[in-house]
Amino acid sequence: MFEQIFENVRRKSPLVHNITNYVTVNDCANMLLACGGSPIMADELEDAVEITAVCSGLNINIGTLNRRTIPVMFAAGKRANELGHAVVLDPVGAGASTLRTDTARGLLGEVKFTVIRGNISEIKTLALGSGATKGVDADAADKVTEKNLDGTAAFAKDFARRIGTVVAATGAIDIVTDGVRTFYIRNGRPEMSAVTGTGCQLSALTAAFASANPDRPLEAAAAAVCAMGLCGEIAYNRMTDLDGNSSYRNYMIDAMYRLTPAELEKGADYEVR
Amino acid sequence: MFEQIFENVRRKSPLVHNITNYVTVNDCANMLLACGGSPIMADELEDAVEITAVCSGLNINIGTLNRRTIPVMFAAGKRANELGHAVVLDPVGAGASTLRTDTARGLLGEVKFTVIRGNISEIKTLALGSGATKGVDADAADKVTEKNLDGTAAFAKDFARRIGTVVAATGAIDIVTDGVRTFYIRNGRPEMSAVTGTGCQLSALTAAFASANPDRPLEAAAAAVCAMGLCGEIAYNRMTDLDGNSSYRNYMIDAMYRLTPAELEKGADYEVR
Amino acid sequence: MFEQIFENVRRKSPLVHNITNYVTVNDCANMLLACGGSPIMADELEDAVEITAVCSGLNINIGTLNRRTIPVMFAAGKRANELGHAVVLDPVGAGASTLRTDTARGLLGEVKFTVIRGNISEIKTLALGSGATKGVDADAADKVTEKNLDGTAAFAKDFARRIGTVVAATGAIDIVTDGVRTFYIRNGRPEMSAVTGTGCQLSALTAAFASANPDRPLEAAAAAVCAMGLCGEIAYNRMTDLDGNSSYRNYMIDAMYRLTPAELEKGADYEVR
């Protein structure tokens, strides 16, 4: 199944509009190119709404949000909704500040998202209205383990059903659910968290996958999560004793560039419940 | 000829002011350092105009433009004109949105550019007032091929003569013309388009080359285009079966850092008509 | 001594708030992760003040400053002072424009910094009110050499004592002083200046080291400077005939990721007077 989904990305080369932070934006652009998509960034109101229209997907990432770009996120999100485009929300740091929490929750109220992709603390913040996010990382108390997996999945499932959106809560074990079916994904490496923006890159990737597979948002999101994790594994295997997080960053993007749909199908490590 | 032009860059180490997008800005900075230049970025009005004055060249790139930075592009451009500095325009995404098209054309009306460097769709947008740019890439219908080469070159030549500026329309075959003489350049690799910002890097590079060679803007632009394409070739030859677009990015900048003026002279693949 | 200081960084994993330029921000984030810290970026007023509070350190870097972010630097700096957090100032380009000089000096008047980290021209600009900074690099006339070392150190020492802040003036020889004791540091490689943002990365690193060692700001700053220089040496030794400044950037961050406290202790090349 993931083979076909990834083939659609490579074949359609979806143009994805990103309103995103300036920290990891270059890596998001190269990751989009690596998967076969095409990136464009625009965050000025009149520019963004028009750019949204020429794209097939929109990725809204609230890291380094500001009062100029926040209204643009709302406007572009609504425009993408009107056009029936895939829209992804990455609520970076929701729970770490009021502005981030309020913006993410405000967006949730006015824009219909195809997929929300965040760490578990960010997802809890969105679902419950408050959370304990440690900066841009999940709080230790929230972390998904084999022990709390079922409870966390039930929580995400309930949230996804309530808002009618695919929820991808990523961490040591990733949970991707539409409220009916849930993917438990075990691809990835813990070392990925030592590279800035792997979450941001995954959200951009999810937008590309969802754009190229408009009828299967759940599977598209799950495939993107598996693909990112698999590239984390492939890149890790390539590392030498001299390599650290900067080379690891490069190797992950390289791995996505080289990844074939068949390899994704074979390497994806998930179960559906 | 290109040997001397590149030697001037290495020897003078031109300080280039960049008003550019936040997606590819780091790569532009490292590419400028790699060629022997020195980068500085400033996009706040009072800061930028003063920074322009201490530099020897200005590179205006309209990607991720916004209402705060647009007036800065005009002001810095005019200041650079007063000082007789080299000024390069990269009309990223002109044709993809009204704001980008209008800004690029507005700049063209008020600032005298030394070189305009864009893909063929962006150049057509500037010349004709409207265009069909696919995001930040040239539209397929516009792409320069051996078949439409002469017609495209005639178009660029006419535009260059009309505005009195060197026009560099880059793609599979690059056309660099001042309206009198035209360089047809065949350096480069198609894989370069899988790296975000190779066009932006080339524009920054062009600003450095034009700054260090004030009397020869046509040759400086052609040399920069050849140098970038040649580095794309050198970097491509270095790639292993594990490398993808992220390593390719690094290798291109590395190649520029290592490139000698004599190697540029030897590797430049062009004809002049 | 540096072994313990670096161990504290790795053990405490300080969350560092960065208000910094968009040119080198990604490298700062990866360098913070490489040393064992955790980065967060926020530059919108209400967001930043709250983010400052959840962090243990603040790094203010004035590169690409603008009228929206300047007041945020003041507000976050004051908030960090109230909370007793480590605060680092990187006066990028002070001396190159009035806005940068005035902002850096204004910050110095209203925020109590733990460490100021800049090149010698920037430090002179702060101390004397005017300076001759060549873009973002030190002016040739200011450069620290064995010949002017004692005079420069006396100048930095006097400035540090006067403002009650650790001053780190980095260049070919680095001077780190609190006005009483002075570290003369000879780690590093001249090739580091061909990589954009090594100074910015060092300032971010210094914020992490000072945050994790609140009682020893002088030693923390000196350790950070040695660590960065040592990584520049390790990375240089790794370079092949094909590598240039882009790979060098990656290798330096990789080296920090791999560096152990014991290796820092052993490789630090300094004398204290």
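Observations on the model:
Per-chain numbering from 1; labels A, B and C assigned in written order.
Here, contacts are C-beta pairs under 8 Å (C-beta built on N, C-alpha and C of every residue); 3 or more make two chains touch, one makes a residue touch a chain.
On a predicted model such as this, the values are computed, not experimentally measured, just so you know.
Under the stated contact rule, the graph of chain-to-chain touches is complete, every pair of chains being in contact. Although chain A and chain B carry the same sequence, what matters here is overlap: shared residue numbers make up under half of all numbers found at their interface. Fitting chain A to chain C on C-alpha positions gives a rotation angle of 120 degrees, to the nearest 5.
Here the spacing of chain A and chain B, counted between their Cα centres, is 33 Å. Within chain C, contacts with two or more other chains are made by residues 22, 26, 68, 249-250. Residue ranges on chain A touching chain C, taken from their complex, read 21-24, 26-27, 63-68, 93, 96-100, 134-137, 194-197, 241-247, 249-250. Residues 15, 22, 25-26, 29-30, 33-34, 38-44, 46-47, 50-51, 54-55, 68, 238, 249-258 of chain B touch chain C in their complex.
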